[in-house]
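Right after this note come the structures.
Two complexes come next, and they have one chain in common, chain A, joined by chain B in the first and chain C in the second.
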Partner chain A sequence: MSVLRPLDKQPGLNTATILLVGTEDALLQQLADSMLKEDCASELKVHLARSLPLPSNMNRPRIDLIMFVVNLHSKYSLRNVEESLRHVDATFFLGKVGFLATGAGRESHCSVHRSTVVRLARTYRSPLLFCDPEVDGFRVPVAQRLVRMLQICAGHVPGVSALNLLSLLRSSENPTLEDL
Partner chain B sequence: MDSYDTRGSTPRHSASSRLKDYFIGATPLQKRLESVRKQTSFIPTPPRRKIPQCSRLQEDNDPQKVAFLLHKQWTLYSLTPLYKFSYTNLKEYSRLLSAFIAAEKQKGLAVEVGEDFNIKVTFSTLLGMKGTQRDSEAFLVQILSKSQLPSENREHKVLWTGWFCCIFGDSLLETVSEDFTCVPLFLANGAETNTAIVGTWFQKTFDCYFSPLAINAFNLSWMAAMWTACKMDQYMAATEFLWSVPCSPQSLDISYAIHPEDAKALWDSVHKTPGEVTQEEVDLFMDCLYSHFHRHFKIHLSATRLVRVSTSVASAHTDGKIKCLWNCPDGMEFKKDLEEKRRW
Partner chain C sequence: GGGEGEPPQVAGAQAARPEDRLTLLLRLRAQTKQQLLEYKSMVDATEEKSPEQILQDKQVEAKIEDLENEIEEVKIAFEMKKLALDRMQLSTALKKNLEKNNPRTSVLMDNMKHILKLNKLIMKSHQESWDLEEKLLDVRKKRLQLKQASESKLLEIQTEKNKQKDDLAVMENSDKIKAIQQNLQMEIQITTVIQHVFQNLILGSKANWAEDP
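Up next, the complex of A and B:
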């Protein structure tokens, strides 16, 4: 079983690659399209996967950021993400992993409680974003945030590293939750 | 200067005295802000719920009155606190509401051919339908039709029933001032038009707001687990689940029925701590059902949406419709507890 490691490949010139992992194909596709529409100085590559581990026979560039997409309407997507997390090397979690929870807007359809994903993100010390990709107004800002995060994780933003960003995001949270 | 300063507590002190002020003589607004702040800073869902002590329900209630609540389908609404509602004025309210309903019907808003316009409205309190002493008393509103015939047998036919209750509403009660009565849960049975008319009257008279209460899949699975946990002498019906699979052009429904004793046996094998139900136990219970289904049909039920749960104790639908089949004190009380906790 191959494990994803952050620095096992050479980086491409001016290229930033994001891997979106989630069971909802349509959702990932929408998000990918929004991200590619953004104006960005670096060349963006978006990879989509249903789950990890990725097939080892493919020749793929170095992955700079992994976003795990959980659909709050489906317990299956949560289980899938939990399984996939095992195939990621621990060094990835130094700012190069994030969680995206979708479907929080439709409370009546939720089978996963919001606090479950919050706890998951806290356990893995990674940022959590909420998004409803069906709504244009929500999708575009989240895509912009992801592109910015990706640029930082790929090292294309001078003076800010992935670890800097992670500590910046975490210090804005309530300090009493740091113990979790 | 702070205009909410009623008992000398100002929010301009240092952090430690501010905290003290919140506990001593805080205004309702400050209390509300504090409770909201508390909720957002902690992870909101309680991972375990206590099965509540049901002695209250058994002591005070009139078995006849409570019996009529069973075997009826109730549509749920959540309700904001009622302003200046008094339990002593119930007769007055019945009069006002009857007049209002008669006026509305004559306006032609709810037109039905041959309808009996002689309507009587009754307000009555339901004793015993509350969780703690502090909860407001539950009360019942019924629309009865007065018989046109001058016969001896003057049985009033019940056209519509609705009842208001508050169970374990402690978190709400501490943030609400004395002029308000907190009965956040409203259950209605009968024609939609009548529900709308009664709702309009309450909204106008007590400055409150009704909104339909939907039960999401997360809470339905909790209800399924807790109702299966009820000890029953004999089972009336199978334990049934209904899932909705979102697919085009029209959604698919999957129905899964289990023999109630098997469901109970499964729950007993999962349940560890007596008197408490934890999130892990509920998840495990549901996962067992999902994996059993997957083994046979290769369908991941966890990717679909749970829409309806039906057990021998009660049944609930995601649109906010419930039906109590058995007067299990645990059943009714924690059902409301779930709804209230979820809403807030």
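Up next, the complex of A and C:
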């Protein structure tokens, strides 16, 4: 049973690695391409995975950020993500995990309710981003955000740590009507 | 931040100009420092683990929120300290700058004098408005006191009037009753006298009532 732990290996020099976990390969690939196209001073490495646990025979670099991609159109992807969450060590959730929900633009096709993902993100105390990768205008800003988050989680931005970023992002998720 | 507009192929070994190399080295240095900090804090965190296992769900939530609030407070304290330090540094730099330049003719001095003047004005206006508010408060208090005094006086007047009325009524009643009683008694006496006179008349006339009506 291999559990992903942060900071368990030495970081590569000037390298930042992100792991995208999701069931839709094409989507992950699109995101990965957009991210790699971004102009960034550090070297980016994008790993794609359908689900965790990852095969332990590979020699892979230290993972700095895990983004769980949930497609709101398919309940299977949500279940897949929930399953994979169990293979992640608790210390990862101090800012190095995020959730990305896609397909929120087409309400009619959504079989997973938006509040489910919101609750999931709140339970795990991690930031939630929304993205519609078919629309080109959305993809680039999301990729930029991801790159920035990745840089911070990898420790490439002096003065800002992943936990710091987490508490910065938290202020936007103030009590909703569900809580009151 | 990270995006410095450097071409992404910096990692490759090329005949780079010394400035590019230096920037790269400095950046890598900053990176490594930050990463070292992260590892250190991780080590510190795992050292002070307090294993209170099996907390209830609600308790865990509350504990998490407490810890998050702690983080926020620490961040705020740190920012304040940094701000204070920056201010001190700024003021010393300013002082040194002023000592170097001719202090009479710089725009900075004019600005500062203006700032001081405005500050004095602000403080004076604050003080004035404070005094006015105090006066207003005093006037209101006095008005309230006067109102209360007049209220009590009116109340007194009313009770006095009521008492007077009551007394008068009682007295009148007793007066009337006495008068009535006196009259009654007089009437009774008169009637008694008349009765006696009649009786004596009848006896004196020696007439026989029964025979001669």
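Keep this in mind: the second predicted complex is superposed on the first by the 174 of 180 C-alpha atoms of A that agree within 3 Å, B and C clash if a C-alpha of one lies under 4 Å from a C-alpha of the other, contacts with A are read in each partner's own complex, and residues count from 1 in each chain.
The rule is simple: a residue touches a chain if its C-beta (ideal position, glycine included) is under 8 Å from a C-beta of that chain, and two chains touch if they have at least 3 such contacts.
Note that the coordinates shown come from a computational prediction; the quantities given were computed from them, not determined experimentally.
Engineer: Superposed on chain A, are chain B and chain C clashing or fitting side by side?
Structural biologist: fit
Engineer: So, does A:C110 touch the first partner chain B, the second partner chain C, both, or neither?
Structural biologist: After superposition on chain A, A:C110 lies in contact with chain B alone.
Engineer: Identify the partner contact of A:H47: answer first if only chain B is touched, second if only chain C is, both if each is, neither if none is.
Structural biologist: After superposing on A, A:H47 lies clear of both chain B and chain C.
Engineer: For A:R145, select first, second, both or neither according to whether it touches chain B, chain C, the two together, or no partner.
Structural biologist: Touch partners of A:R145: none, neither chain B nor chain C.
Engineer: In the overlaid three-chain picture, which partner chain does A:G155 touch, first (chain B) or second (chain C), both, or neither?
Structural biologist: second
Engineer: Output check: A:H87 vs chain B and chain C. Expected answer is one of first, second, both, neither. What do you get?
Structural biologist: So A:H87 meets neither chain B nor chain C here.
Engineer: Is A:L7 in contact with chain B, with chain C, with both, or with neither (first, second, both, neither)?
Structural biologist: second
Engineer: One more residue to check, A:K75. First (chain B), second (chain C), both or neither?
Structural biologist: Only chain B; A:K75 stays clear of chain C.
Engineer: If you take every C-alpha pair with one atom in chain B and one in chain C, what is the shortest distance in Å after superposing?
Structural biologist: 18
Engineer: Going by the contact definition given at the top, which residues of chain A touch chain B in one complex and chain C in the other?
Structural biologist: Comparing the two interfaces on chain A, one with chain B and one with chain C, no residues are shared.
Engineer: Using the touch rule from the top, collect the residues of chain A that touch chain C in their complex.
Structural biologist: 7, 11, 13-14, 39-43, 91, 125, 148, 151, 154-159, 161-164, 167, 170
Engineer: Under the definition above, what is the set of chain A residues touching chain B in their complex?
Structural biologist: That would be residues 23, 73-77, 79, 107-116, 118-119, 174, 176-177 of chain A.
Engineer: Which of the residues in chain C come into contact with chain A in the complex?
Structural biologist: Per the stated touch rule, the residues are 1-6, 8, 10-11, 27-28, 30-31, 33-35, 37-39, 41-42, 64, 68, 71-72, 75.
Engineer: Where on chain B is chain A touching in the complex?
Structural biologist: Within the complex, chain B contacts chain A at residues 41, 43-45, 214-218, 221, 286, 290, 300, 302-306, 318.
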